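Below, subunit A partners subunit B and then partners subunit C, in two separate complexes.
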Partner chain A sequence: MMKRDIVYQVVLLAIIAGVAALIISATQTNLARLNVDSSIDFLWKRAGFEIGQKLIPYSADSTIAHAFIVALLNTLLLACTAIVCASFLGSIIGLARLSDNWLVARLAAVYIEIFRNIPSLLQIFFWYFVALRALPRTDESIEFFNCVFLNNRGLFLPAINPEQGWSWLAAALIFAWAAVYFLKKRERRQSPESGKTWTPGSWSLLIPAVIVSAGILLADVSVQTPQETRFGYSGGIVLMPEFLSLVVGLSMYNATYIGEIVRSGFTSIPRGQTEAADSLGLPRHLTIRLVLFPQALRVIIPPLTTVYLNLFKSTSLAAAIAYPEVVSVFVGTVNNLVGQPVFIMAMTMVVYVFISLCIALFLNWHNRKIALTVAS
Partner chain B sequence: MVKITTCFSILIFLCLPAVDAGTLEEVRERGILRCGIVESSPGFSSIDDSGQRFGFDIDHCKTISAAVFGEIRIEYIPVTPHTAFTLLQSGGIDIFPDGATWSFVRDVALGLDYTGVYLYAGQGFLVRKDAGVSSVKDLDGATICIAQGTTLEQNIADYFDNHGMTYTPVTFADIDKGLQAYHADRCDAFTNERLSTAGRIINWPGRDEHVILDEVISKEPFGALVRQDDPRWRDIALWSFNVRFAAEELGISQENVDDVRKNSQNTETQRLLGVHGGFGEKLGLSNDWAYHIIKLVGNYADMWERNFTPLGLERGLNASWKEGGLHSALPFR
Partner chain C sequence: MTMPVETNSPSSFPRRRGRTLFQGCLSWIRENLFSSPLNVALTLACGYLVAITFIPLVNWLIIDAYWAGTTPQDCPDKTAACWPFIRARFDQFMYGLYPVEERWRVNLGIGLAILFTLPLFLPRFPHKLRLLPLLIVIYPLIGIGLFSGGQFGLAYVDTGKWGGFFLTIVTAVFVLSTSLPFAVLLALGRRSSIPLLRVCCATWIELWRSVPALVVLFVAIIMFPLFMPEGLETDKLLRALIALTLLMSCYMAEALRGALQSIPKGQYEAAEALGLGYWQRTFSVILPQAITVALPQITSNFIGLFKETTVLLIIGLFDLLGMVQNAASDPAWLSQGASATGYLFAALFFWMFCFSLSRYSAYLEKKSSLYKNV
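Here is the complex of A and B:
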């Protein structure tokens, strides 16, 4: 690098640092001059408000920091659910577009062109108010097996309550997973000799099943079904209509992008690969699973990262329809209570950046893992 | 939208130079009053067929403008409860008259000051008649739609906690979205300030199927807000608002103010209307400031009749103390 280039870069860096310092000091001076309280002590104060959906125990007596965690978990729950649903739906749409069946391929194309071109906020409003109007009132709930209820207050599911705590159940699940992992590994090692691909034998299903049952017995699991009360149902697990319509809205919108990415992944594979698999006599589903999919994945993952990041960030649209995620609770309610927008905005933004980077890191790591390794 | 405006107001914070000119001088020099209003709140802030703004909040803006300029010269700046405080702190608006509850934290921690109480409101509940709810205590276990932006969320948490009751909140950023959701039967009840709820549902189809409970779970004394760093400007706002109560007590209305000014022998009336005493000058205004307020806006009863009577709202606590209400004018002497 030339000396002059280095000088330019140092000067640029100095200018950026100078401007940043100026902004920070001006903000602090102005806040102080206006007697605006700018300490972060408020995080440890009593929140004093309720939150409609909480994955961990929370009450109005908890601290504001605690409310932040509750809201953040709601954001993550929404993001994870929507990412899984969008990926599933998107894969189907992408494969449908490649289908030899003309009608299926056209329908998939029409789906993509419609839902990709409507702003996702509008779609969320649409599903929300459609859902509220279309679902029955609580006294006319749709019932399944007398333990699942669907009405305009949400989807009510029975909850699993281990009387002895979650640790037994968690341990059982971890052991069962480990058992499956090792059984699979052993079977794989043997398959070149036996000539069989891995298929779960009866005993390799039995062992994890026994472990899980033992866990359930030890934890003394009871099932809590939703009970009808004066105002609808209570008890069990409740999925709010806000949550459901957000999952539908975000999934249907983002599935259009994922569908196109999946399609591009598959079309990027040279035709010779399919023909080679055909000439080996591989059945169609194995051709997709063993030959096409692993190769397509290399093309799919990088643009998929962008879609996942966008989806994660657009969960903040939930603030528009009363789903208590981090923007709604923190930038809305908490900011109104304590009136410190500068700090509250900054804190929320930092959290979004952090989680986005985590998603990107994970997918990049996965991408490197599956990348073609060329022998040198 | 809310986020954009909030970010914008933060930007103002960042760029604001540290100036300390008095607000009155600033407003005079600018030649126009910047008044922060919340849009589309029937009774408080609406737009008529000819595009003119009217409502209770709009009258507060006009009151200040009349006092400062002797005429209506206002730039209405639409704000949301999210952005109003920040915008006021940073000098984007001169006054925020929309019903903000006078509470300890708002007064002490935000760098803002209240200018007296102009409305005694209270948090109430809108419920369906067929729900069989006659009192707030019947709402144990109910799902309740709430709007952010005020002390509502804390009030309801406190009330249910104190009475050993539970509820599920569905918290909207926007009052109208919350009302729509309640209308679509998402919630058993909708809670907000009673007067504003009454104004918003007046044109609902099937309004008769709903009822606003008489009970209130909180006192919401509303006052206008100004910046804390300018006591002179606060005095102007406080005494301008007070003119309307004094005028009602002294029997001066928009209709008879010219007549009274010419003929009244009452000394307080004469001081108020600037016949003598030079009270306006002491505030840095002209001596006929109060006359302009009454002429252009009227007394408190005029404001009520113009804005709330068409919505079928009684004065109740907002009557003058002489009629059993809570409003009592500070004396002009």
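Here is the complex of A and C:
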């Protein structure tokens, strides 16, 4: 390092420290002037407001910290649901664009060009204020199989209700996952000798299936369907209209980007790969599963990370239609209630930075795992 | 004289010898739509999908729509689109609450902006780089003077009255021009040889890129007054513009960084060999090339910014979507198909702009890849 560089760094450090000191002192005088006592105690005060959707028990008597957790879980639920739906829809759109059927490819292209050039907030508004408002009222709801109901109050789904608690079910799922993991590992070891590949049809799949059904029996799971009452439906899972329109809007918007990524992933594979697989006599579905898909995935994952991060960030648009997630509960309701902007904004930013970091790290780790390893 | 038959014409209709156009069409249909049982099923399913979405939409939007008049009485029910609503509110959608007698200033300002930016899009215009400072420094001053007034005998118009599509355009263009210089500095900082500067720039960029635009706007609206010494009150729109500039400069810095990385090492070395200093090297050799490479990415960032301006309505600044939403909640129009028509109108407006910009970006990308191949 040159001497000049050290001087530059010292100067830079001094500038940063100076600006920080200025901002902190200005903030402190301003807070004192506005009579805001800066302490984090407000988190343990009684919240005093209701939240429309909660994944864990919560009431107006709970603390503000509790409300924060509820809002955070709502954000995560929305992000996960939208990411799953967008990936599913996006893969279909991307593959449809590659179809040799002219109409299918054209329709997918039209879909992408229409929906990616309209702001996502506008799409959410359209679903919330126009499409879902046009749904029938509770007494005329649309029924599917007599257990799923859709009306302008939301989507009512049957719920699984384990009488003996969730722990049996969770344990069964964990054991089943472990069984699949070990079976797959064993198959990897044996297949070079036996020449057989582990396919979803093998008898060994019975083991996880048995474990899951044992878990279901032990937990005494019953299915609770929504029942029509005088005031609407009760029981089961209720997805509020805000949630529905956000999921539909965000996934339809982001599916356009995922579609383009999936398409470019598959078109990036050299034609020789398909031809080589054909000449080996691999059937079409195995060519896709074993040859094309793993190679496409390598191209798909890095840009997909960006789309997932964008989708996660745009869950904050939920504040516009008052779905109770972090921004609307914390920056909106709680900030109006206690007036602690510094802590509240800091907490909100930390949440977003932390979760964005987690998503990026996970997908980078996954990308490294599947990356082409060249023997050295 | 007869025209020679084109045998190798690259048309999508494979015209084979001895076939009529009709037969050609038939074989095209058979090959592209009904080549296998799966394709037959897919074609029929898609045809059905088109029939149940597009036909009712066209009916609702155009054929059955109420077109005449400007009052709520002109569209009696929700069964069809209500264009009188758009006609009645069109001026608000465009100018927000800007005073009617002062709207010529908006038109003049937008006209000037188009006049300034148009040469940038002309491939043969020679002085593009010289025009850039004019656009970044001089135009914003003219624009602010013209739009907010208060001097030169122009009446003062509070920024709270700015709105509609005018606000969308002002925000997008202002943020684009202010964030470019910062983006250049951040990108250079991130590739600097000074470790502390590099770390600081990288942290700053990654921090703001991982936070939603809405949160950054709230930080600006709620926190900015706290950071400032007493007596320095800033206007809400200005705070929002600063927030978006901060965010946008981080995104553009990443686009520029990618472009800087793609510049061959020989360019740096050649400039150094000529005896140019760091700044001269950067601004007269590296950056002009990097900006050209980054242009498609910058354009798509700009499209993103254009769509992102709708978030302004959450903090109470009414852009095009905000005005539409405002108008749709007017009780006089509630029972009509007004809100749906309003949203579709706004969607069409945004779509036109974003689609043409994305075509332009694709054109740039194609052009730059052509250069590479030569």
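Going forward, the second predicted complex is superposed on the first by the 368 of 376 C-alpha atoms of A that agree within 3 Å, B and C clash if a C-alpha of one lies under 4 Å from a C-alpha of the other, contacts with A are read in each partner's own complex, and residues count from 1 in each chain.
As a convention for this text, a contact is a pair of C-beta atoms (placed from the backbone, for glycine too) under 8 Å apart; a residue touches a chain by one contact, two chains touch by 3 or more.
Just so it is clear, the model here is predicted, and its values are computed rather than measured.
Legend: residue contacts after superposition of the two complexes on their common chain; A:A17 is shown touching neither subunit B nor subunit C.
In the superposition on chain A, contact of A:L122 is made with subunit C only, not with subunit B. Once the two complexes are laid over each other on the shared chain, residue contacts for A:L361 go to neither subunit B nor subunit C. In the superposed pair of complexes, A:N335 makes contact with subunit B and with subunit C alike.
In the superposed model, A:G48 makes contact with subunit B only, not with subunit C.
Once chain A of one complex is fitted onto chain A of the other, the partner contacts of A:A320 extend to both subunit B and subunit C. Using the contact criterion defined above for the overlaid structures, shared-chain residue A:P241 touches subunit B, although it does not reach subunit C.
Of the two partner chains, subunit B and subunit C are each touched by A:A26. Once the two complexes are laid over each other on the shared chain, residue contacts for A:L280 go to neither subunit B nor subunit C.
Of the residues of subunit A, those at positions 23, 26-27, 29-31, 33, 129, 319-320, 327, 331, 335, 341-342, 345 touch subunit B in one of the two structures and subunit C in the other. Taken together, the subunit C residues at the contact with subunit A in this complex read 32-33, 35, 39, 42-43, 46-47, 49-50, 193-197, 200, 207, 210-215, 218-219, 222-223, 225-230, 303, 307-308, 310-311, 313-314, 321, 325, 328, 339-340, 343-344, 346-347, 350-351, 354-355, 358.
Here subunit A touches subunit B in the complex through residues 23, 26-27, 29-31, 33-37, 48-52, 60, 129, 132-133, 137, 152-153, 229-232, 234, 240-242, 319-322, 324, 327-329, 331-333, 335-339, 341-342, 345, going by the rule given at the top. For subunit A in complex with subunit C, the touching residues are 1, 5, 8-9, 12-13, 16, 23, 26-27, 29-31, 33, 99-104, 107, 113-114, 116-123, 125-126, 129-130, 309, 313-317, 319-320, 327, 331, 335, 341-342, 345, 348-349, 352-353, 356-357, 360. Of all the residues in subunit B, the ones that touch subunit A in their complex are 3, 6-7, 9-10, 13-16, 18, 81-82, 85-86, 89-90, 105-106, 109-111, 140-143, 145, 148-150, 153-154, 156-158, 160-161, 167-174, 177-178, 180-181, 184-186, 188, 227-229.
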